[in-house]
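Below are two complexes that have subunit A in common, paired first with subunit B and then with subunit C.
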Partner chain A sequence: MTLKRNRAFAVVGAASVLALAACSSPGGGGGDAQDVPGVTEDKIVIGTHQPLTGPAAAGFSSISAATSAYFDYINDNGGINGREIEFIVKDDGYNPANTQTVVRDLVLQEEVFAILGGLGTPTHSAVIDFLNENEVPDLFVSGGSPMWDQPEKYPWTFGYNSEYIAEAAILAHYAQTEMPDGTYCMFGQDDDFGDDFEKGALEILGADGLAASERYSVANQDVTAQISALKAANCDVVFLASINGFTALAVGTAAQLGFFPQWMATSAGGDYGTLEKDYLQENAPLLLENFISTFYLSLETNQDDPWIEHFQMVQDEYNGGGEIGGNDIFGMNMAYMFAEALAAAGDNPTRESIVEAIESGAVKGSGLVPLGYSPEDHTGNTGVQLSQVKSGVQAYFGAPYVYENGEVTEYTGGQVPFENGIPGSN
Partner chain B sequence: MELERFLFLTVDGLARGAVLAVFALSLVLIWRAARIINFSQGAIAMAATYLAFVVTSATGNYWLGLVAALLGGAAIGFVVERGVMRYVSSVNPLNSVIAALGVLLVIQAIIGMLFGNGYHPMQVPFSQSPLPWLAGLSISAYDLFVFACVGFVVIGLAVLFGKTNVGLRMRAAAFSPELARLLGVRSNRMITLGWMLASALSALAALLVVPTELGLNPHSTDAVFVYAFTIAVVGGLDSAPGAVVGGLVVGVLLSWVSGYLGATLSPVAVLVLLLAVLLIKPGGIFSVTKERTA
Partner chain C sequence: MSSRTTLIVGLVGLVAVIGLTFVLDPYRNYQLATIAAYLCVVAGLTMLTGVNGQLSLGHAALAACGAYCYAFTANGLAEQEVTGPVLLILPILAAVAGAAVLGLIVGLAAARLHGPYLAGVTLALVLALPAITSRFSDVFNGDQGLYISVERRPEFLAGRGGTEMFQAWVAIACAALVVILLRNLMKGNFGRQMRAVRDNEVAAAIAGVNVARTKVIAFTVSSAAAGAGGAVLAFMTQSASPGAFSLVFSLFLLMAAVIGGIGTLYGALWGSILLVVLPDAIGSLTKSLSLSPEVAQRLDGNLAVGLFGAIMVLVVIVAPLGIQGLLRKGRLKMQSRGTPQSVPVPK
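So, the complex of A and B:
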């Protein structure tokens, strides 16, 4: 405990030094006629909080790099309405105390126009009140909590991920269709993530639809007690409301115990590329064979997908190359959506006009399912499509589904077509 | 069914406790050799485990990695003691704690820069699946390997400190460096030797524990260190058997709490145990003499 506290002090200390340094340096936006924070004639400054170091950095630190790369691509092609986008990425180490420090710094010292894609439910919920009190657009929060979708309480906040409740309902619907006589269980995180997921699953399966529901704590990497309880309950299907690291722990521990259920994971902990590269490596193809997961954007395994070709081009030219993965697509799509919102916010964007632009439906993204944005609804992606791993290749199957008013329905509208990587230009 | 679950959780806890006990032993060792609670022990062990990982990846041989971790751990312990800790004033015990925390941050930062923040799965020499002839229990061949390592380390330490001249000199140098020096013990060398041994031992512990968790990461020994620290205090910082029994007790406690009350509560349970021991028997359950300070 002392150890953690002392480290927290050290980080806060370092952050204050940075804040002082920022005070003494010139600039910091402003200075033009219309006096919108972070907006000048030829530039717009936005910021984000991300886990670049610490236990959550694995699997997540590549997201903001991809977002930055996409902005570099846009800037090299003239920016949006003549303005370049400057994206300030601050490290919060996935620690809510640090999130408060860095977001205050971004808003009060750096005077950013908006916060884009703040990552994590525990971290971002620590700053959502601050951002809304200060009327800072809080766009496309990375996390599946329903908290972001409360337009009356948080008019400046918009979600991005599909909500955990929706993902759970769609997975449960699939399990019920394909394995009607199965024993369903879940393994989830001991916070809103697990609770919301369970709510969504029970909505479809009925109040006694889960034979066993076990929870893990991020602070405790020994999950043998939980997995052995699931094994004892003879589960055929185990839903995973887990982040990538604990998905890896669950499948690894289960294999050691000789337990091989059908896994069904959320998009937050089911990206094959991340699970393989950051955790399981050469064991991944065997442990994850038949693993079912969800996502709402293009997968890198899609054939002839112009979005993938486009994002891969940006990856090669601006993000150090290499094959694009789920986190890169997630980060680039976010940058693209911000650019769409900015393009629609007019030649002289204000914090009000960008929120109006998003609520008007101007932002489409590149997803497989529609975005929920309207004046009454700040949900991001409204559903998911299911994917399955076969011989180390994760690919989509079936149709995308949306979840609305307690019902799972197939979405037949098709993916947003690719027209141009830079919104507003022709 | 209930009994089976109870046995499963207990045995699983013992296996985990054994690994934690090795780490706690390294804290006991450095306490006995230098009268310091080394908060950088986890980071030193983690860095040595990266060395093992590199060697094992390059050669495909687990045992070469093990040797590299032991030697590397000793070398890092040497550098930290000769390079930093020796120059820390011993007037206030807090000074060495702060310096050790500084070492921890530096090592974690360097490893993060060199290897990134991803997790690297570690190879193990024996299967981690439960042995079939112990049906229902969760003892794997790897657990038996860990038990053997713990036994070897406990006996080794008992012999070192109880039967050898070097051990006696180390104890003397730690207990009263000035007096020991007057009597012909090269106290500084003994303290350095204590650091090297303790660091090598913690490297062994990290090498044993990392494969049972998510994998190797700059932070993979953080929680283990907190548990091991608790165990060392519970068992009495001066007592090697105390660390082993404390390790097994804490391991079983973690497993029971996780299995019956929920995973969320197990880290809390360990801290409650630490608090209880500090309030009721501050010297640790196995302390025989009044706690000494340097």
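So, the complex of A and C:
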């Protein structure tokens, strides 16, 4: 009996080992010129984690589509240094637990060269240690947390968005100038996004500068309690540190309660096109009249902007057409910046050489304000310009501002001029 | 089987699995560690539901309790600049203890409830988790969850894949301990008491078994195992967040126990392997089919859920005792071949 059982156990044990071994694909992908993960003679593989489903999907899911479209455009025109760019998009549903899994899949299984534009502050902060420990370039993170800018601690991570602290300071500075006697309040996400924004706003407005500060959880779609509290505090100005879906909820709920303050939103949740198309629809022009927001790239309403004409061309040919929106511009500019970095990283790019290229200042982007990249600074866009909605049209006004060393100053250097859609070619 | 042969088989298996970590590539080691973490939870659940007859839909919440206890302890130790084995082991013990206490409290209520009512209470537990973490977000840090300072891999494992190998070792060690302890409990006197309570509470009480006590202890032990699983997951991902312990995860754990073969530890192992390997295999399958990106995106994630559901229905109809039941039946058939009288197949 014992013998038979032992034999059975041996069979079972062997089978399980075999099963595990069988599902362990070779995956090594070795044999490359210099054995740089994700890089072959004619191709370079990169990946990203994006909210294609879940609470942040509306609006944000179009970003990676635009980035892919721009890479298609580059690939059709010969790639960068003779290499095509393959862009793997993984859905994490804006859930940090999923981000953990999909990023490990990308780095360890798909063996990507770099992660590009991982979206979300709560999601990406869950993998930043993993990426830096594995020395994977973690480029142009889509989120305004100051966490990305720690070259000492996270040498492989680079930011992209203007930091929420900077956006908050610039918005607060504007509010203070235009409405010096107003009551200022904020409505923010219940994580670092909201905390960072509050920090920036208070730096300008003073420690008791916010009459009320309410928070929401992404998991709860009802914000009536928070908006009622803001109404009760008689707020004239409400700063929104919210993603698009919750900007729409806040504005809509406030209208239901008969509360119409001056809204001032961050670039992460203030794109009129997204708010209109995905949420408020025909009510958008009325609800969002005078709505103030920030951004640091071209707006589709810009007149005679060569960047917009170029991105619109890519949109028509590679992304199913239709009028280009803020998220498309965001995604395409990101692809353009990666191409710039790759072109500057040399004929045989390595993970080290692309980081050096970015730190050397080779990446310019298409922004209204300069990028912060240097060996000591991994900040992305260093400031924003304010826009306002009038009769359903969101357009820039005033000048772009940058925020440095606790001070808001006007930036007069002008936007990066458009030369060529494909960096490194003539 | 004598306990000595079990010991030998177990040891050989353990050595084989640890040997495996040296040949697998890092992502497979990460998956192996995930299997081990799931095994802790599913093993506890299969004992509770299969052996003692208490249905829990909330084991994800108990695992989450373990993960958060792990996070608080590990971060506290790291603040005191404690490193080494203490930072590795103490948080796991705290996680087990914390989950056991929560399990004891729930178990005291559970002992008074039957079937769907108990399922309801445990369901409430897992549904309340995100609400609790966002209500007390200064403690739990809301949806973002807690970042955890964990003990890093030892120096000699530096380099590519070292971290994943270390994670796999810790996870396998925890799973081995949990399985050994649960096995002893299930094989012994307490195991008979649990079965007696499951089969007929009145008969068990008449036979002198303290029904309430048995149920409470079973729930507490099962929770402790779930806590160990949660601790391993927290250790691997360096984070504890409510999103990692959702209702869907909770139901998947129960499905794993049922598909693997409810009430047996081998079943828990098969179920845990399936839980990790199946979505991955489906992912590679859809990728190799070269579908249009739109279709592939729609299938991504959803197909695995659908397939799990289909397997679940199939298992209930064709093999109510799960994978382990099928394997056993097959083995008994092989043994009885050649002998004239058929061996009775246990139900």
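Keep this in mind: the second predicted complex is superposed on the first by the 396 of 426 C-alpha atoms of A that agree within 3 Å, B and C clash if a C-alpha of one lies under 4 Å from a C-alpha of the other, contacts with A are read in each partner's own complex, and residues count from 1 in each chain.
As a convention for this text, contacts are C-beta pairs under 8 Å (C-beta built on N, C-alpha and C of every residue); 3 or more make two chains touch, one makes a residue touch a chain.
These figures come from a predicted structure and were not determined experimentally.
S.K.: Could you look at A:Leu131 and tell me whether it touches subunit B, subunit C, both or neither (first, second, both, neither)?
M.R.: neither
S.K.: After the superposition on A, what does A:Ala58 contact: first (subunit B), second (subunit C), both or neither?
M.R.: The answer is first: A:Ala58 touches subunit B but not subunit C.
S.K.: A:Val363 contacts which: subunit B (first), subunit C (second), both, neither?
M.R.: Touch partners of A:Val363: none, neither subunit B nor subunit C.
S.K.: State whether A:Leu249 touches subunit B only (first), subunit C only (second), both chains, or neither.
M.R.: first
S.K.: A:Ala219 in the overlay: touching subunit B, subunit C, both, or neither? Say first, second, both or neither.
M.R.: Touch partners of A:Ala219: subunit B and subunit C.
S.K.: Considering only touches as defined above, state whether A:Gln281 meets subunit B (first), subunit C (second), both or neither.
M.R.: first
S.K.: Have a look at where A:Leu257 lands relative to subunit B and subunit C in the superposition and call it first, second, both or neither.
M.R.: first
S.K.: For A:Ser228, select first, second, both or neither according to whether it touches subunit B, subunit C, the two together, or no partner.
M.R.: So A:Ser228 only meets subunit B here.
S.K.: In the superposed arrangement, what residues of subunit A touch both subunit B and subunit C?
M.R.: 1-2, 4, 6, 53, 190, 215, 217, 219-220
S.K.: Report the residues of subunit C in contact with subunit A in the complex, numbered from low to high.
M.R.: Going through subunit C, the ones touching subunit A are 1-2, 5, 9, 12-13, 16-17, 20, 23-28, 30, 32, 130, 134, 137, 141-145, 147, 160-161, 163-164, 237-239, 241-244, 266, 269, 273, 277, 280-281, 284, 297, 300-301, 327, 331, 335.
S.K.: Please output the residues of subunit B touching subunit A within their complex, sorted ascending.
M.R.: The contact residues of subunit B facing subunit A are 1, 5, 8-9, 12, 16, 39, 42, 101, 104-105, 112, 117-121, 128-130, 138, 140, 212-215, 217, 219, 222-223, 225-226, 254-255, 258-259, 262-264, 266-267, 271.
S.K.: Please name which positions on subunit A make contact with subunit B in the complex.
M.R.: 1-4, 6-7, 10, 53-55, 57-59, 61, 190, 214-217, 219-226, 228-229, 232, 245, 248-249, 256-258, 277-281, 283
S.K.: What does subunit A use to touch subunit C in their complex?
M.R.: Residues in contact with subunit C: 1-2, 4-6, 8-9, 12-13, 16-17, 19-21, 23-28, 52-53, 91, 95-98, 100, 104-105, 108-109, 121-122, 125-126, 129-130, 133-134, 190-192, 215, 217-220.
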